[in-house]
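Same chain, two partners: chain A is paired with chain B first, then with chain C.
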Partner chain A sequence: MTDAVGFRAPTDWKTDAMQKRIRKRYRAERRFRALGLAAVAMSAAFLIFLLAVMVGNGAAGFMRTEVALPIDFKAAPLDIDRAQLATRGADLALAGAGLQDRVATAATAAFGEKGEELIAENAWTAVRDAIKADPNLLSQRAHVWVPASSDLDAAADGGGEPAMQAEVRKLRERGALQSGFNAGFLSRADSTDPTAVGIWGAFKGSLLTMLVTLLIAFPIGVLSAVYLEEYAPKNRWTDLIEVSINNLAAVPSIIFGLLGLAVFLGTFGLPRSAPLVGGLTLALMIMPVIVIAGRNAIKAVPPSIRDAALGIGASRVQVVFHHVLPLALPGILTGTIIGMARALGETAPLLLIGMRAFIVTPPGGVFDPATVLPVQIFLWSDEVSRGFIEKTSAAIIVLLVFLLAMNALAIYLRNRFETRW
Partner chain B sequence: MTQVDFADTAETSAAPAVAPGVPKMAAQGVNVFYGEKQAIRDVSIDVNMENVTAFIGPSGCGKSTFLRTLNRMNDTVASARVEGLITLDGENIYDKTMDVVQLRARVGMVFQKPNPFPKSIYENVAYGPRIHGLARAKGDMDQIVERSLKRAGLWEEVKDRLQDSGTALSGGQQQRLCIARAIAVDPEVILMDEPCSALDPIATAKIEELIHELRGRYAIVIVTHNMQQAARVSQRTAFFHLGTLIEYGETDQIFTAPRQERTKDYITGRYG
Partner chain C sequence: MNLYALLFLVTGLGVIAWLTGRARAARYGAASKHRLHSLPGQHGLYVAMWTVIPALFFVIIWSIFTPNLATEAVLRDPQAFALPAFGYEREAVLNEIRARAAGSEYGFYPAAEQLAPVYLQASRFYSWIGTGIAILLAFACGAFAYTRIRADFRARTRVERTVMLALLVASLIAILTTLGIFLSLLFESLRFFAMVPITDFLFGTTWSPQVIDPADPGATLGAVPLFWGTFFIGAVIAMLVAIPFGLMSAIYLTQYAKPVVRKWMKPMLEILAGVPTVVYGYFAALTVGPAIRDFAVSLGFTYASSESALAAGLVMGVMIIPFVSSMADDSIAAVPSAMRDGSLAMGATSSETIRKVLLPAALPGVVAGVLLAVSRAIGETMIVVMAASGAANITANPFESATTVTKQIVDLLTGEAEFDSPKTLAAFALGLTLFLITFLLNIVALRVVKKYREAYD
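Presenting the complex of A and B:
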């Protein structure tokens, strides 16, 4: 043997070629580290830019400009029976008594001819709520803070037309202008007037839709993963199913929307625009993601644990539910987070099943018409009125907060179930 | 058959090796296939109570495969197929009426690599009795856990930390925990698949000592690569080669006067 190889001189590690190779290796190392750092820095910069823009634009969306409207019920009382104010018919009674006109006249009286343009169309509802809170107002001369019109609102933020900016200056001098937290934004639904819109309708729609998605996709996805991994025989059919599931995970979401339209609305006749249908459609979409993640997590459970349980006489179901699933759960939850995050941000399939409708009341249940946060953002971004720009950013902030809250919950659950061995 | 061989050589064994009457477990003409490949050819063997039976042989000779047919662990391998007759107390364990879950409770198993559940020491031992409903009264479970850990020689080391994770123990302790887990369901036969191959010599000595103590209650079958270990712990030894049972007899006879040339070559280190 040694004869065939022959004599070989000991390696000289000090030659120039060797030194050059060493320097080259160090250079490659440094270069790679710099590139990696640059990549991370770039994604961080994008993220910070995005957040800064969103927060900068959106913060104004949570605020609203209010005008102090002097209104005199003492000189000209409203024709209304006070006993009605305590009943559920109070809103109707006040509207019937011509409160809206009275507010408009008060605005003209206080701010001149164009006074009506300074206050929001729904400003009278602020007066209505004030009366309901304190019926004594009906016999007094008082100031009520009402929301400003969108034009005035824009001018107060530093934009808008010059005429409106003059009005803003005048009102500021009188101390009749204030900026307050727009609580209504978090409690109302969509509207045509940007000062009157709220995100609660879309938020609740998203919540209900996500609930349906989770309740359908999680159990079905996990059971499929368990069956395919633990029970199904390995043959051509299961191979085919595996390939189909992998492909399904990559199908563009709008196609799932068409499927939902054809099956849930067409065949089953479920109500249009309902979170139930949206949830079912999105569940179809994220099920493959959960199945794939679930199968990988189940595959990663060491076979020795299965052997151990089988060896002391556990049945297959006991092995799965006592040992495999608890150990696979963190991985399954990771897949579910990814799927749910995708579902939460999905717009296209929901447009097709009618969740882009203009809906002014928050949904009461999964059968009521509703819209969801990303669709609401899409709708508002399409509006021309300037007030909608900041509302769009505000809605994006709400969507991101929702997403973060959902992920935080899932990560908390995952860490709780994590087992160390 | 082999039954006759026992009687002939009984006197040479150090321990009382021969049980009267029906053997605890018996295999007759067993063939095992993995798909097309035959892993075990026509093996017939008897396993008796209060006896340690060692399976020795070179790697890949089928001794572990055969061991796993004794409690039907091969059922989990989709391509595995078993032919022939294997009985436990005279009942065919591959019969349709045989419940595999009960079979595995009666024929326990300890694996090559210690595989405690990632749960507390207490839960590891209590799991088997719990799923089989063995602890009826309150406090029964505590007793079962204590008794099993004592029999496995682990009680003194862990009695103050039963709620600690079973995976936090040392390798040898983990393996004894696995033995405690197996005996907690009161099996009749314990199968051990190279239980010491992942352990250091001191832990190995402890396990071997434990096997000696357990012998009085159970029929034990141990697969081992280590011929000294087979000689130390077993009363009967079976030598497997290429899926066939070459020789089966009293351990002393196998190691001192093997009847087959191949057995002799293997135990003298000619191959393996």
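Presenting the complex of A and C:
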């Protein structure tokens, strides 16, 4: 027996060859470890770089450059009845009195031949609002702060054409340039002029779409999860449902867009570009997410809860709806919020069902044409005008803030309410 | 009556039904010698269900049919006899009539302006009839249920049976969605393949849908360049980024990192996964694309495009890193710790243990994760729509431009083409191909994961 086992002298670890070999192995170990650290660090660096680029570009989108426009109503009064200014027709009356032309001529008079190019196309509405706020302006020589044109805006931020930068220097010397918070960016809708765009229209479209998505995906997702986890018999149908759900969770989002286009628009004839159709499409897309999260949450409720409820005479439906579901709710809500965050950032399926229309008025209901925040970002990113770059990044910041807030809420809910048994 | 008001009304009737049903059951419970079989609230639910469900079904079905009925009424109108008999123009006039009736001020056809009031009147008429029938239905069914309430009536059993039915229906929606996707894609694709031979589509090497020769549409609808571009960007370039970075991140975070580092780095990876794809796309188009072009030009590739395959693939790879990392994380964690401890006890260093023991044992899971990652990458749309070009080249040079299936679907469907042209239908054929390939990848990956999990359980 013992002959069969070969005898080997114990390794002498002190020899040079062995020491060298160990050093080599330790070097490999350190190299491997550094590679791992580098991988994580690179991912982090990419994320930081991405966020920094967006914030760097987008911060200017929340600001706007304003020009002090001298406008002399004393020398040449506006032909308008003062009493009208207090009424609802004030906007129309001021527009009818040729205010837009007056503002243009005032700009030319103040800043020279190219003066009109310095102020935004809608600059006269700023003058209009100033007059409405203080009708006495109509009898004075006044300075009104009006938004600058997008070219001047870019020049004031340090870019733009040399000619515009010269104008910026001139205006700065006169103290006729300031930069302020662009409140209109949060309250207006899309426009062709980058200085006049806002995200409220797209944001409202997103809200309506999310509402439809939530109303459809949440009940269906929770009910399916309850059925599969609590009642489903082990048979082929159940297997088929499980396979479908697992598969739907991994189907590319654009396929859901094709489904929405063919079925909701083609077969059912629902209106194009409507939040209703967008919501339905996204609901089908995030339903599997809710089902999977819901099943995990329900699975985590210990069987003793069910046994106790059954033991005191509750029916199987009562056990689930009175006892299991309330305990599983935090987990289900966490999954739902994560799914909704995914739907909020989704673009591709909505492009296919026509939610890329140019919408200048915020939608009033789920049947109105609308666009959503990510699609608005996509549309602005396609614009050639330079002023849109900072607006696109600013819209991205708003979207990211909302996504982060939703994810933070999900994490909070999970930590605050989830019981561990 | 408008749809919202009607839904509100039916819901209100449901609440009233619940209250009256509950009150009646409670009276029975007090008056009768026997105990109630079901709680009063369950009786209330029974009556409410009878009141609301049939009426709601009717409202939904009616609101689907009303536009057709109103259109019929318009066509019966003497003024409508002058409309073109069939085809595109007739549909256009009818669409305009509907748009005008909905409040649109603009129009092209004078006939539509005359007929819009007829349509409006007819649809109002039918909507009032619908409201009447819905309310009658609610009352009739509610009353029927109300009369059935007795002390020994098994309301709970019936309510619970309805709940179970609702549960079953809800879970069938997943199957319906899968079927709906498959059938709608298949149906439109069959129409496409009736116009374009399937062999031309699958094996043709020229893709330029802007110039379609009506006599031979298949000549410019060969999808091989798209398949190649999708494979090249999604499965080669993106994976060259995602697999090493994802795998090494997972190894570092699970095996080496201190708890503090892990606590900060894991959420960081989750944020990377949560950034919307449109943001990645914008970043790729605005920053990465031009940077790569400048880099390529400095290397001597003067033809380099700022919409290169490399830009889209790189950013897509970064997007996939967290996904690969979490899949690898799961499969490494599933390896029994006895294997790791054994290896370490034999004197292997950590990296030797990882490379020679953990990774081989976790390999099936990692491979499945990579398959899922590939399926995700080839279905990714916004990054390629924004950062890749539309030029369909078959090239292995990452600095040249390539296009993908998803980009072409978006490009084909967002133009102003009519629904029946080969150009539009080609998008559905591409969609079907994409669906089948990702479906296959997912099924294989899920199988592997399942089998592998069982091996160590």
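One rule holds for everything that comes next: the second predicted complex is superposed on the first by the 366 of 421 C-alpha atoms of A that agree within 3 Å, B and C clash if a C-alpha of one lies under 4 Å from a C-alpha of the other, contacts with A are read in each partner's own complex, and residues count from 1 in each chain.
Just so it is clear, a contact is a pair of C-beta atoms (placed from the backbone, for glycine too) under 8 Å apart; a residue touches a chain by one contact, two chains touch by 3 or more.
Please read all numbers here as calculations on a predicted model, not as lab measurements.
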{"item": "Combined model on chain A: chain C and chain B, fit or clash", "value": "fit"}
{"item": "Residues of chain A touched, compared between chain B and chain C (which is higher)", "value": "C"}
{"item": "Partner chain(s) touched by A:386 [first = chain B, second = chain C, both, neither]", "value": "neither"}
{"item": "Partner chain in contact with A:315 - chain B first, chain C second, else both or neither", "value": "both"}
{"item": "Partner chain in contact with A:26 - chain B first, chain C second, else both or neither", "value": "second"}
{"item": "Chain B versus chain C as contact partner of A:47, first or second or both or neither", "value": "second"}
{"item": "Which of chain B and chain C A:234 touches, first, second, both or neither", "value": "first"}
{"item": "Contacts of A:248 with chain B and chain C, given as first, second, both or neither", "value": "second"}
{"item": "Which of chain B and chain C A:400 touches, first, second, both or neither", "value": "second"}
{"item": "Minimal inter-chain CA distance - chain C and chain B, angstrom", "value": "8"}
{"item": "Chain B and chain C footprints on chain A, overlapping residues", "value": "315"}
{"item": "Residue ranges of chain C in contact with chain A within the complex", "value": "64, 67, 156, 160, 163-164, 166-168, 170-175, 177-178, 180-181, 184-185, 187-188, 244-249, 251-253, 255-257, 265, 268-272, 274-283, 285-287, 318, 321-322, 349-352, 354-355, 372, 375-376, 378-382, 385-386, 406, 409-410, 413-414, 419, 427-428, 431, 434-435, 438-439, 442-443, 446"}
{"item": "Footprint of chain C on chain A - complex, ascending", "value": "25-26, 28-29, 31-33, 35-40, 42-44, 46-47, 50, 53-54, 57, 219-220, 223-224, 226-228, 231-232, 240-241, 244-248, 250-256, 258-259, 261-263, 266-269, 284, 287-288, 291, 315-317, 321, 341, 344-348, 351-352, 356, 374-375, 377-378, 381, 389, 392-393, 396, 399-400, 403-404, 407"}
{"item": "Residue ranges of chain A touching chain B (in the complex, touch as defined)", "value": "233-234, 302, 304-315, 318, 322-323, 327, 419-421"}
{"item": "Touching residues (chain side chain B, partner chain A) in the complex", "value": "71, 73, 76, 78, 101-105, 108-111, 113, 115-118, 127-128, 131-132, 165, 167, 178, 181-182, 184-185"}
